[in-house]
Structures are given as structure tokens and as C-alpha cells.
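Lettered A, B, C, D, E and F in written order, each chain numbered from 1.
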């Protein structure tokens, strides 16, 4: 396990590269989900407003 | 045939279709990714010998090469959709180009980053003005330019078309740019460095690399479609399209 | 056809000459940037000789780009661009005339002042000749490509700096071969042929496509 | 004959107008009315092709204006919120350029006459940046006298003008209509004609 | 007093953030200019190391200057500057707020991105630290001096390039000591003290006089 | 009390006016008239201190306006040919900044009320660049309602407004005069007052 993590002494480089990849890809996914949720919330609010007869 | 296409070119028809496709693409991403990584870390030699002696840091290749490939491929696809949008005036094509750009920029950045983290142990420097690296850097600037132009214009219709034109101009220039940095001296262009050769690669390494490439490709599909769905919702609800409400009503339970 | 071309060319030149400083400022900007470097880098002769061609070209790029920003912007703000769009003439002709004026006012003076910059960097006479030639063929390409960017960023806030973001990467080939020609001329004067051939072909291609692309961009921007 | 059918324009979240149908025949003036923000400028810019409507069609002499392109633009004179004159050029120079772009002759005698008639005698060869707001507008309006385009599209041409200039402009418009021209204009004032027909279109609720 | 300062600062930051790209474009302009040089100059490690500090500083100068052009121009065109002149508050306070906003949006990001540029030119860790420090003290001076020029060239055609003509020579001291500090740090880290002392005193002087001078210039420009 | 004595302004080669004397007392409106280019804008800008006259003096409450400086500017509200609003900010934000600069409170409730009264309900938090010409002008005019300055200097405030907005603005001006305010304005229209005095000054030949 230690040997695997140390990657023959190049842990910083190997995990630095993989780490950044992981961070960016996951961040992209999270950001997309967050954006989708805010849009849905906004549209939901608009729909509720329209149904309760509030003028825009 | 043509009819069929144009039916799905309507955002309202495309939206649910994309919704159904996204989970499939996620599975197609995760499974090869796991296989590729496991294979890459446990089934490949600890050390490369011969003319190209490299220690464990060569494992960066499993993400470096796929990200580099994706970054270039996605630019071509993006410019392609932009061109389709300009010619056929379909809203969806612009949105498609728009949805691809951030993913492409992320992959470009990752190619640069992983390349830098590879270069440090093998060349002793994070950065060098090697033509390949330079070209990748310029590609990054082109992505950023596209995104910056699009977000600097707030009339979406104008932003779409202006950015699309830029992407196409970029696409025309990309080969010229790549070639010029690869071959700064036209007198000696024949003596270009030998490109890396896939057939000479060790089988296990090649297998992991290709599986991860496939995974990243599917990842691009998934994120692009997700972003596209958000874009569709945002724009269509702004334009007051009624299908948004009915579709969301159906989905509302989930 | 030609009447419109001349009319717009004449107009833009008159406008520039009404403020006589306009022409000179591009020049001075170029000279200042070129002169700033030795201050920041040190003044050994050899360093300067290797630096010379690159610095001159980058300065030319920046000078040409700075003036680009106003290429369409002034006409956009006072509504004359709108009138050009509604003219009974092809827009790309008008655009070509404006680009020509831009080059005459920014590119050509750079070509003429280049020997001075070359001297500051201790370049030989031959290298200076090559530099002038390369600038003569290369700067019109800069104006042509730049016009597309200028049209795209019209009326956009932060336009100037956005423009450079869009355009500078596209300038790379001209920069590489332009400074490459000067570089090689220090070793072998006769080897510069292919460089000039490449620059000339860039010019031809840009001359055919850039006016069309810019006028398309203008139409988009004026919506 | 300018015909508009089923025109719809949206800006931002709002639909400004939809299913708009009208036509303007030679010798007629259309006065587009409406409160601030009702979409008058948007309509006029669509008619010129400076704004792409979301749906609908604009036809000139029976053919689609978009398809006609340059031919349509040759028949068109647009006067918008901007004056479209360069501050660094004199009135005469400005008009000379405008005439060339519109493919008119515009020799200098005609231009000087036009400027004199619009009340700028003595200001012809000052850079227009040295003129007052109303004088700039007058330079721009002198284009109307040089033009041979049958279709005039004028967006609030009367603002910033003093009473004398307003009268003169009214006369110019009336003359153009009387000579079988077409005019589409917006203004918050009333317009009077001596001949031809006057229709009015009300935008907004 | 402080309410007005905050109000204007907040206003300018909001305006910039409304277009999120605005902040990033200055950054990318800087990175692109820094990256162009090796393409023109050649890519040997030693050349780049000598070039590095100079190029970074010249790029910082240009980036800061380009953004300066719009510092007052936008407010001038839509008449808000007129309103600021007529405000019941001292104009120099308003000007100081605008300069602060400008620095936060252009100077500070450059300081933060500098390590990247340092890496491209193979600078050592220590040199990079010194460079960041020098930029941190030097860039506010650029914004302050630049504001005077921006105010003077307001509403003048070809203002952008005239501005650079006025301002770049004034930037020379900052450039010389800023890049000098980095240069010397490659030899002796402890010798950078005097350089920083000089830069800091420039900053103090500029901070006292520049707001007054720019507001005087604004009053002249608006006549 | 605003007093002007022996004012002379030249622009270019022309003397626009000379030996101009007038005064405006609280509860009075001065309507500056004149053809295009007669020097109305120049006069108004001189009154604000935005243009330095060639000779003559302007006194506010008995003291030289130039010497008073900030104190004079605090009592002054100028509305010029430019709207003075930022296109990227919303109406509310624009007014908030204007209020701070004028050293008024300007809490948000007051601002929303002002915008509603001037007919922009529903457009309060749109960036003003998305408004029509007349709507932009309305945002700028909402400043009049927030201000506590006694002296209003208005340069053609009625242009680009529709009839409803013109009426409203007339009312605002009349209210201000009735509340012992001072107004100096130019316009090519007529103004009506309900209380206070109306004088008029004719520039030009």
C-alpha cells in the first residue's frame, strides 16, 4: 500500500496530475448540478407565480 | 431522414432525449475508467526500460494523452456545431457549441497540467517551449477567447453568432498555428521530430490508455448534454416557452 | 464600386489627419515599447542582438492591435457604421477600405521606422532590410485578421483587452515567420526566401477571407 | 409598396408585438405611436434589416426584403437615434460621404444648398463636433434632401430641433409624400400632410 | 467621506463583475503577451532567464495601461463623470476610489498570476517571490500614475495610444527598479532591500499626489 | 437666489452672448429660449461651473459660486444632454449611487417609489442598457424626485419622452417651484406652472 502510494518516489508528480484531474472533473460535475438546481428553482418560482395569478 | 433530424433540432424534442441518454453515458464513463485505472496501476510494469527509461511517473500517460486528444477533438466538434448553427440557423447547434466549450477548456488545461507534472521528473522542468506544448497552450487561449467573447455579450442571439464566427476563424487558423510552431524554420521542415508511435507501445499501457480515452470521451458526452439541458431550460423559459412547464411538471415528481 | 472604396479610404485618412497626433502615436508607442526592453533586460550587445527581431515583432503586434480597437468603434458609437450597413454597396468593400486605411496609418509607418529599432538592437544592415521586408508583408495580415476581432468585440464592455485575447493567438504564425526571417538572415541571407513565401501566402489568404468574415461579424454585432 | 406580415419581435423576456400586419403604399405616411418602451425603435430597425425579427416577413415591391439585400437598401433611407455624422468632419464632408454610400451624385453645389436650406449657412465647414446638439441633428437631416430613396424610415426626427427646424422638417416630409414617397416615422408630436394618406399604428397596450 | 469612497469602489467593482470575464481578460492578456515572446525570440533556457523579469514587467505595464484607458472614458461618455464632478464631495476622493478599484481588478491578479509567468521563463523560487513582492508594491504606482494620463486624454480621439505615449515614459522608474529587483535576486537575495525601499517611496509619493493631479486633469478635460 | 452679472461666453469665433444679467429668486422658473446653436447649453453649463465663461460672475446666495465650490454643488442638480446613468447597472443601483453622490439618503424604499411614479414599475432591476431611449431618460429623471437641492438646472428634459411622461415632468417642476425651489431650464416646448413666477430669457438674435 505504502509502495503504491509512493509510486516509486514520484508520488507528488503522479498524484499531483491525477489529483488535479479528479478535482477538475468532479468540480465540473458539481457545478453543473448546482446550476441545474438553481435554474429549476427559478423556473419553479415563475410557474408558482403564474399559477397563483401574480402578475409578472 | 432530414425530417427526422429537424425534429430533434427542436430544443423541446431534444431535452427529454438528452435526459434519457445522460445516465447511459455516465455508466460508459465510470466502468472503463475503473478498468483503465486498475489496469494501468497494477497490470503494467513498474518501470520502463530500453531507450525510453522512465520510472513510475510514466503512469501520467494514462490521463495525459487522453486529455490532450480530447482537447483537440472537442475544439473541432465545437467549431463544427458553430458552423452548422451559422448556416442552418438552428438554435440547438449554437447551444451545443456553447455546451462543449467549458469541457474542452477543462481538458486542455488538464493536458497542460498533467504534461507539466510529467515534464518535471522526466525533463527536469515544468514547462518548456516545445512546439507541442506551445500549440496546446494556444489552443487553451482559443477556448478562453470563445468563452470570454460569448459571456461578454449579453444578447444571447448575438453572443451565439459572434462566438460561432470566432470558433470557425479559429478552426481555420488552428492548423496554421500548429504547423507554424511545429516548424518555425521552413528550411528544415522535413526534419520534424518523430511523432510518438502507438504501435511501439507496450500492450498493457496502450490498453489502459485507450480505455481511459474512451471513458473521457463518454464523460464529454455526459457533461455536454448536462450543460446543454441547463442551457435549454434557461433560454426557453426566458423566452416563455410553454413546453418547459409541462415537461418539468412531468419530471417534477423525481 | 471603386468610388465607394476611395470615398471611405479618403474619409478615414482625413479623419486621422485631422488629429495629426494620431498617426504619430502608433509610431511612438512602437518606439517606446522597443526602447523599454533594454531597460528591463540589460544592455549587453549579444543579448540585444538575439532579442531584437522578436521584440520588434511583438511591439509591432501590440501597436497594430492597439489601434485596431478604434477601427470600427468610433463609427459604431456615432451611428455612421449603421449607415454603412444600410448603404447600397457591399459591406465588405467598405470594410476593406477601412482596413487599408488602418494599415496605411499603422502598418506602413512601422515599416519605415523599423531601421531605427533595428539600430537600437545592433542589427546588421542586411537584417534590417529583411526586417523591413517582413514587416511590409506581415503587417497587412495583422490588420486584416485584427479587423475580424475588432468587428466581433464591437460595443462589448472591456472590448480592448478582450480583442487582444481573441486576436493575439491568431497572430502567432505571422510572428513566428516574421521574426524567424530576421533571425535566419543573421546567419544566411539567402535562406529567407521560404519565410517570405509563407508570409505572402498568408497575406493572400487573409486578403480574400478577412473582409468577408469582418463584414459578417459587423452584421452580427449591430443587431 | 412596403408590406409587413405576421411580424413578431421579442427583446429579453418580453414579446413587444406579434402578428403585426400592415402595408404602406406610395404617397402614404405611417405614424408609429406608442409609449416609451413599446417597441417603436425595434419595429423600425426590423424594417431596415438592422434587427432580425423572431418571425414574420417584410416585403418590398412584392419581394422579400432580406432576399433583395442591396437593392432594398438602395431604396431605403434610415434616420435613427444616432445622427450618424462624424464630429471631426465638416458638414459638407459628412454629406458627401453619405451621398456616396447611398449611391447618389451629391455634387458640392447640391450639398451647400441643402445645408443653407436647413439653416446652417455659415456653419458648413466647421467640424460638426463644434455644433450644438440641434445643429448636429440638422446636418444629419440634410441627408433627406439629397436622397432619392423612395422609402424613408425616421425614428423621432423632431427631437432637439427648435420650432423653425420642426416646421421645415414637416414640410420636407409632406413634400416627399406628395411626390409619391413612403414614410414610416415615430414621434411624440403630431405630423401634418398637405397631400397623400396618413395612417397610424399603435404599439403597446 | 468614506461612504462616498465605498460607494464608488463598490460601484466600479460591481460594474466589472457584471461581466465576469472583465477581470479575467486582463490576466489572460498578460499571460498571452508573456507567452508570445519566446515564440519570437527563441526558446533557449538562458536567454529566457535573462529575459524573464523584463518581459514580465513590460507585460504588466501594458496590461495595466490597456485597462486604464477605460478608467474614466466609460463614465465620460455616458455623462456619469459630469455628475461626479457636480457631486457634493471632493473629486479626488472619487478618483481615489476609482483607482483602487482599477488596481484590485488589474494589479492584484497580476501579482497572483506572476509565478506562472516566472515558471515559463525558468526563474527560481526565490526570484519568483521577489517578483511577486515587487509587483505588489509597483502595480499600485502604475495605476496611480496612469490615472493622471487617463484623465488628461479623456475624450481625445486616439486616446488609447496617446495615453500610452504620455504614461509609458513615466512608468520607466518603476520598470527599472521592479525588474532590477528580480534581476539582482538571481545573484543575491539580500541585496533587494534598496529596490523595495525605492518602490515603496514611489508608492507613497504617487498616493499623495496622483489623486489630486488626476482630479485637476478631469476638470480640465470636461470643459 | 441665483444672480448672474455681465456674463459673456465665446465659443470658437462667435460670441454667443455678452453682458448677460439676470437673477432667479426662490419660487421662480427661468425658461431659456433660443434657436438651435444660440448658446443655451453653454449658458447652463456655465451656471453649473462645467464651463468657464470668458467674463462675468455667478453668485449663489450672495457669494461667488466658484468660491463656494462644494457648498454650491450640494445645492445644485444638473440634468444635461447625457443621461448620466450606467447601462450595466439597474435603475435602482444607478439612483442609489446618484443619491450618495448628492449626499442624499436615498434608501431603497424611496428609490423604488420614485421609479414606480415615473412609470418604470417592473423595470427597476433590469440593467438600464436594456431599456428604450425614453425609459433611460426616465431613470435619469427619477433623480429629480430624490433630490433635496433647491436649484434645478435642466437642459431639454422633455426630449424623447412620451406624452404621459411629459405631463408628469411638468407636474414635478411645478411642485418644485411651488415649494420655493429655483428652476432654470431650456426646452422648445411650453412649460406651465401652478404657482410661482415664470420668466423667460431669449438668447440669440
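Just so it is clear, a residue touches a chain if its C-beta (ideal position, glycine included) is under 8 Å from a C-beta of that chain, and two chains touch if they have at least 3 such contacts.
Going by UniProt, the chains are A = Heme exporter protein D; B = Heme exporter protein C; C, E = Heme exporter protein B; D, F = Heme ABC exporter ATP-binding protein CcmA.
Since we're looking at a predicted model, the values are computed, not measured.
Visitor: What shortest step count links subunit C (Heme exporter protein B) and subunit E (Heme exporter protein B) in the network of chain contacts?
Guide: 1
Visitor: If you tally contacting C-beta pairs for every chain pair, which pair wins?
Guide: The chain pair sharing the largest number of C-beta contacts is C-E.
Visitor: If you average the Cα atoms of subunit C (Heme exporter protein B) and of subunit F to get two centres, how far apart are those centres in Å?
Guide: Between these chains, centre-to-centre, one finds 46 Å.
Visitor: So the centre of each chain is just the mean of its C-alpha atoms; given that, what is the distance between subunit B (Heme exporter protein C) and subunit F in Å?
Guide: Roughly 56 Å separates the two chain centres.
Visitor: Please report how many Å separate the Cα centroid of subunit D from that of subunit F, as a whole number.
Guide: 30
Visitor: Just give me the whole-number Å value for how far the CA centre of subunit A (Heme exporter protein D) lies from that of subunit F.
Guide: 52
Visitor: Residues touching two or more other chains, restricted to subunit E (Heme exporter protein B): which are they?
Guide: 19, 21-22, 25, 28, 32, 39, 74, 77, 157
Visitor: Touching at least two other chains at once: which residues of subunit B (Heme exporter protein C) meet that condition?
Guide: Those would be 141, 144, 148, 152, 157, 181, 184.
Visitor: At which residue positions does subunit F touch at least two other chains?
Guide: 81, 88, 127
Visitor: Across the complex, what residues on subunit C (Heme exporter protein B) touch subunit D?
Guide: These residues of subunit C (Heme exporter protein B) touch subunit D: 3-4, 7-8, 11, 14-15, 18-19, 74-75, 77-80, 82-90, 94, 222-223.
Visitor: Which residues of subunit E (Heme exporter protein B) touch subunit B (Heme exporter protein C) in their complex?
Guide: Answer in residue numbers: 19-22, 24-25, 28, 32, 35, 38-39, 43, 48, 119-120, 122.
Visitor: Could you list, by residue number, the parts of subunit E (Heme exporter protein B) that touch subunit C (Heme exporter protein B) in their complex?
Guide: Interface residues on the subunit E (Heme exporter protein B) side: 19, 21-22, 25-26, 28-29, 32-33, 36-37, 39-42, 47, 50-51, 53-55, 57-58, 61-63, 66-67, 69-70, 74, 77, 156-158, 160-162, 164-165, 168-169, 172, 175-176, 179, 183.
Visitor: Quick one: which bits of subunit B (Heme exporter protein C) touch subunit E (Heme exporter protein B) in the complex? Just the residue numbers, please.
Guide: Residues in contact with subunit E (Heme exporter protein B): 125-129, 134, 137, 141, 144, 147-148, 151-152, 181, 184.
Visitor: So in the complex, the part of subunit F that touches subunit D is made up of which residues?
Guide: Subunit F residues touching subunit D: 11-12, 34-41, 81, 119, 123, 126, 130-135, 137-138, 156, 159-166, 188.
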